[in-house]
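In the two complexes that follow, chain A is the common piece, with chain B as its partner first and chain C second.
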Partner chain A sequence: MDNADLQTLLVACLGAVACALGGAFLVLRRLSLLADAISHSILLGIVVAWVLVKDLGSPWLLLGATLSGVFAVWLVEWFQKKAGIREDAAMGLVFPALFSAAVIMISQLAHSVHLDTDAVINGRLELAFLDPVRIGNTSYGPRSAWMLGTLVFVQLVLITLFFQPLRIVWFDSAFAASIGISPLLYQWGVTTAASLTCVSAFDALGSILVVALMVGPASSALLWSSRLSRVLVLAVLFALISATLGFFLGAWLDVSLSGMIAVCTGFVFGLCWLLAPEEGWIAQWARKRRQIQEFRTGLLLVHLRTHENSPERHEECRFDRLNIHLKWPQALVDDVAKAALERDLVTSIGGLLGCTPAGRTMAKQLVGD
Partner chain B sequence: MKAMDGTILAISYEINPALVSVVLGTALLGLATGALGSLAVLRRNSLLGDALSHAAYPGLLAGFLLSGTKSVGLMVLGAILAAAMALYLTNLLGKGGRVRPDAALALVMGCFFGIAMVLQSHLQQNPSAAQAGLKDYLFGQAGLLLEEDIPLLVCLALLVLFVLGWGWSRWKIITFDRSHALSLGIHVPFWDMLYSFLLILSVVIGLQVAGVVLMSALLVMPGCASRYWTTRMSSLVTLSGITGAFLGIGGTFTADELSWPPGPTIVLLGFIWLFISYGAFEIRRKKRALRQPFSPGNSFTPPPFPIPGKAPSNG
Partner chain C sequence: MNTLALEVEDLTVAYGENPALWDVDLKVPKGIMMGLIGPNGAGKSTLIKTVMGLIRPAAGTVRVFGKPHGESQSRVAYVPQRSSVDWDFPATVKDVALMGSYGRLGWSTRPDRKEHKNTQDALERVGLSDLANRPVHQLSGGQQQRVFLARALVQKADLYLLDEPFQGVDAATESLILDLLRSLRSAGGTIVVVHHDLQTVADRFDQAALLKVRLVASGPVSEVLTTANLQQAYGIQATSLLAIRDGTP
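== the complex of A and B ==
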C-alpha cells in the first residue's frame, strides 16, 4: 500500500463521513430521495458557473453547484406547496429537468470544456491524488481530501453547537416553532449543508455513490438505535467500514472504487438489516417465534385451568387427548407441554396435566380475572 | 408497410428520412410511458421509474458481459431481471416499517448503480469494439433509433394501452382505494405485479432513447402536466399518453433543429409544458374564484381527485 493508495483511502473515508452526517438528517425526515435530486441538480450549477467564469478550478463553480442544489430543493418545495404536485412527483420532475438543461448546455459547449458527464456520475476517486494542494514545491495531500476534511469538521462543529435545537426541529417542528426556534432556518441550513456535501463529494465519489453513502449508513444506523446522537455516531462508523471495505475490494478486483464502495454500503446495510439487535430480521424472527411459543403455552394453561376442577378433567387434560381438544398436532402438544413442564408451569401426574401455582397465576392474568 | 409510410411522409415534408423512425419511436415511447406514468403519479410512486431505470443498467451490462456482444435479447433480459430484483428488494426492505420506503428506494438504486459502475470499469479494462455504444444507455441516444426498433415500440405502446383498457375499472378502483378493491375481491397483488411488469418493460425499452437519468421524467411529466387539465382518470390517462407522444415528436424535431441531444430536449420541453399547464390552471382557478366570491373553498387547494361517490370539493 503506497502513498497514493493511502491518499485515495483518506479521500474515500472523508467523503463517506461527510455524506453520512448530512444524509442522516435527510433520512430521518424521509427525504432520502432529495439526496438523489440534489446530486443530479448540481451539474447545472457547475455548468452555469463555468459559462460565467470559464475556469474549472474556480471556487465559483462550488458556489454555483451548491446554489443549484438548494434551488432544486426550493423548486421541489414550490411544486409541492404552490402547484399542488405531490412530493415524489415533484422530485421526479425537478431533477431530470435541471439535469437535462445541464446535459444540453454541456453538449453545446463540448468543444470548449472538459466537463465529462460520465465523470459526474462515476466520480474520479482513483485520480483524486493527482490533484494535490501545493504551497511552493511541497504538496500537502489531495485537494479533495482537504475540502472534504474541512466539510466534515464544519459539519461536526455545527452539529455539536446546534445539536439541541436541531433535534427539536427535526422531531417536532411545531413544538420548535412554539418555543421560538425557527424550523425554516434549520431546515434550509441542513439542505444547504447537504447540497454542499453533494458538491464537495461528487467530484471524487460521483453522484450515485453520494446517494448511496447519504442513505445507506444512516439507514443502517437507524436499525441499531433510535437516539439521534447514537444514530450519527453509528452512521459515521458504518460509512467508514463501507468506504474501507469498498476501497480494498475495489483495489483487489481492480474495478471502480466508488462503485465498489456503493456496493459495500448496500452490503453493510444488508448485514445490519439481518443482524441488528432489535430491528434485525433474525431478531424479529426470533421474537415472533418466542411470542408464538408464549401464546401457545398460555393457551395450554388456560385450557388446563378451565377444566381444573371440572368432572371432565380426566378427558380434557389427558396428555394424549390434548391434540383433539386444542386441535393441535401431537408434535406441537409434545413441544409446548415439554417447554411448560421445564418452566414449572405445568405438572404431569400419570399422563394427566395440571397447572402449578405459577401456571395458574399466568392463566389468570391471560384471561383477566 | 410501416417503412413505406415513413418514406412517403419523409418525401412529402422533406424531412430527413432517418428522423422519421426517431420521431415515430419517441412518440410511441412517449405514448406508452405517459399513459403508464399518469398511474404512477396517482399512486404516489413517481420515483419508482427513476429507481428502476438505474437498477436496470447493471442488468444490461451483465447481459453484455455474459454474451460478449451487443445481443439485444440477453441485455434486455438482464435489464428486466435486475429491475425486477430491485423492485422486489425495495418492497421487501420497505415492508414492516423498519426501513423508510424512500430510503429503501434510494439505497437499492444507489447499490445497483454501484454494481453497474463496477461492471463498467471491468469492461473498460478489456475494451472491445462491441461495447462502444454501451454508454448511450446512460444518457440515451434517441438518434440511434432505427426502423427495426419501431415494431418493438409499437408492441409496447399497444400492450400498455391494451392492459390499461382491459382492466380499466379495476385499475381505477385499485388506484384510488386499495382496501375497497380488496373488499370487492379484486386480486390486487396480481394487478400490482402487472403494473410493475409494464413499468419495468417500458423503462428497459426506454433506456435506449431517454437514458437512465431522464427516464423518470418521461413517466412523470406528462401525468403531472395533464393533472392540471382534468380531474377524471380516464381523460388523465388519455391526455398523458397524447402529451407524451407530442413531447416525443416536438422534442425530437426541436433537438434536430438545434442539434441538441434529443432525450434532454424532450424532458426540457415537458418541463416547459408543465409550466404552461400550471399557468392555465391558475388562470382558470382565478376566474372561478371571481365568479364565486367569499367562499372559503376558493383558497388554494390542490386539484381534487375524483373519488368515486364523492363530488370534488372545489368546483
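== the complex of A and C ==
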C-alpha cells in the first residue's frame, strides 16, 4: 500500500463517517430519501454558482450547493404542507426536476468545462490524492480529506453539545416546543448539516455512495441498539467497516472504489439483518421456533391433563396413540414428548404419559384455571 | 392574588382560512381537574397546543398563572397524544422520562444524580421502575402513556395539560392515571385533560369545558352537560349521548 492508497483510504473513511453521522438523523426521522433528494439537488446549486462566478475552485460553489440542498428540502416540505402532496410524491417531484435542470444547464452553458455528470454519480475517489492542499511547496494531503475531516469534527462537536435537545426534538417535537426548544432550529440545522455533508462528500464519493452511506450504516446500527448514543457510535463503526472493506475489495478486483464501498454498505446491512441480537432474522427465527415448540408442549400437557383421571386415559394418553388423537405426525409426537420428558413436565409409565406436578401447573395456567 | 391557573381570552386560531377556535374565553381556577370535551374537530387539542405556544393564535391572549406563556413555561407540563410520536425511536423508558428535566437544566447541563433520582421516583409512581431500561418500542399502549406521564412528573409543574391520556389504554392504566392526577390535584396542581368519553366526565372532573370551535359552556360538570349544551355541541347525536348519561335506553 503506497502513500496514494493511504490517502484514498483516509478520504473514504472520513467521507463515510461524515455521511453516517449526518444521515443517521435523517434515518431516525424516517427521512432517508431526503439524502437522495439532497444529494441530487446540490448539483443545481453548483451549476448556478458556477454560472455566476465562472470558477470551479470557488467557495461560492460550496455555498450554492449547500443552499440548494436546503432549498430542495424546503420545497419538499412546501409541496407537502401547502399543496397537500404526499411526502414520497413530493420528493419524487422535487429532486429529479432540480437534478435534470442542473444537467441541462451543464450541457447548455458549461459543456466546455470539466463538470461531468458521470463523475457526479460515481465520484472520483481514486483521484482525490491528486488534489492536495499546498502551502508553498509542501503538500499536506488531499483537499477532500481536510474538508471531510473538518466536517466530521464539527458534526461531532455539535452532536455532543446539543445531544439532549436533538434527542428530545427527534423523539417528540411537540413536547420539545412545549419546553422552549425550537424544533425548527434543530430540524433546519440538521438539514443544513446533511446538505453540507452531501456537498463535501459527493465530489470524492459520488452521489450514489453518499446516499448509501447516509442510509446504510444508520439503518444497520438501529438493528443493534435502542440507545441513540450507541446507534450513532455503531453507525460510525459500520461506515468505517464498509469504507475499509470496499476500498480493499475494490482495489483487489480493480473496480470503482465508490461502487464497491456502496456494495459493502449493503453487505454490512445484510449481515446485521441476519445477525442482530433481537431484531435480526436468525434471532427472530429462533424465537419463533421456541414459541412454536412451547405452544406444542402446552398442547400436549393440556391434552394429558384433560384426560388424566378419566377412564379413557389408557387410550387418549398412550404414547403410540397420541398421533391419532392430536392429529400430529408420529415424528412430531416423538419430538414434543421427548422434550417434555427431559424438562420433567411429563412422566411415562409403561407407554402411558401423564403430567408431573410442574406440567400440571403449566397446563392449568395455559387454560386459565 | 391570582386564583386562575389558566386564562384564555378572545382566542381565535385558524389553519389557513378554517377557524379551529373562534373567540374562546376560558378560565381555569387553580387546583381543579377540568375535562375538555367536544366532538372531533372541535378544537380541543388545538386549544391545548395554543396554550403551550405550539400554535400562534390569530387573535386573543393566553395567560398562565397571570403571565404570558413564555414567562410561565417551566410551570406547565404538556403530555401530547401518545400517537403523535414514533415509538420506534431508539430510547429507553428512562431516557424519555429524563427528558422532563431538560426545562430546568437547559442544553448545557447534563442531568445529575438528583435528576436521575427524580426520574426514578416518577417511574416508580407510574409503576414502570422495573422497565426503566426497556426500549420504548417494546412497550404496550398503556405503558407508553405512563412513560409520558412520568416525563410530566419529572417536570414538577403546577399546571398539567394532557391530550387524551385515556385513549386506548387498559383499565389498570386508566385507574392508575386517574389516581395519579388526583394526587397531583391534592398537592395543589391544576389539571386540564382533553377527554372523549362523555359518560365518565362527571366522575372524573370537577369542571368541564364543552367546545365546538366556539366555547359552548364551561363550569361545574352538571351545569355544562345539559341537554341544550350537548345538542349544540354534538347536534343530532345528542339524544343518544343523553340516553347514555341518564341511564335510560
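Quick note on the criterion: the second predicted complex is superposed on the first by the 366 of 369 C-alpha atoms of A that agree within 3 Å, B and C clash if a C-alpha of one lies under 4 Å from a C-alpha of the other, contacts with A are read in each partner's own complex, and residues count from 1 in each chain.
Just so we're on the same page, a residue touches a chain if its C-beta (ideal position, glycine included) is under 8 Å from a C-beta of that chain, and two chains touch if they have at least 3 such contacts.
Predicted model only: the values in this text are computed from it and were never measured.
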item: Chain B versus chain C as contact partner of A:283, first or second or both or neither; value: neither
item: Chain B versus chain C as contact partner of A:30, first or second or both or neither; value: both
item: Contacts of A:53 with chain B and chain C, given as first, second, both or neither; value: neither
item: Touched partner set for A:99, first chain B, second chain C, both or neither; value: first
item: Touched partner set for A:165, first chain B, second chain C, both or neither; value: second
item: First (chain B), second (chain C), both or neither touched by A:179; value: second
item: Which superposed partner A:226 touches (first chain B, second chain C, both, neither); value: second
item: Dominant toucher of chain A (residue count), chain B or chain C; value: B
item: Touched partner set for A:245, first chain B, second chain C, both or neither; value: neither
item: Common interface positions of chain A, toward chain B and toward chain C; value: 30, 222
item: Complex contacts: residues of chain A adjacent to chain B; value: 27, 30-33, 35-36, 40, 82-86, 88-89, 91-93, 96-97, 99-101, 103-104, 107-108, 117-118, 121-122, 206, 208-209, 211-216, 218-219, 222-223, 250, 253-256, 258-263, 265-266, 269, 273, 279, 284
item: Chain A contact footprint on chain C (complex, rising order); value: 49, 52-54, 70, 73-74, 76-78, 80, 84-86, 89-92, 95-96, 99, 102-103, 105, 107-108, 110, 135-137, 151, 155
item: Residues of chain A defined as touching chain C within the complex; value: 28, 30, 161-162, 164-165, 167-168, 170-172, 174-175, 177-181, 222, 225-228, 230-231
item: Complex contacts: residues of chain B adjacent to chain A; value: 41, 44-47, 49-50, 54, 93, 96, 98-100, 102-111, 113-118, 120-122, 125, 135, 138-139, 213-214, 216-217, 219-221, 223-224, 227, 260-261, 263-265, 267-268, 270-271, 274, 278, 300-303
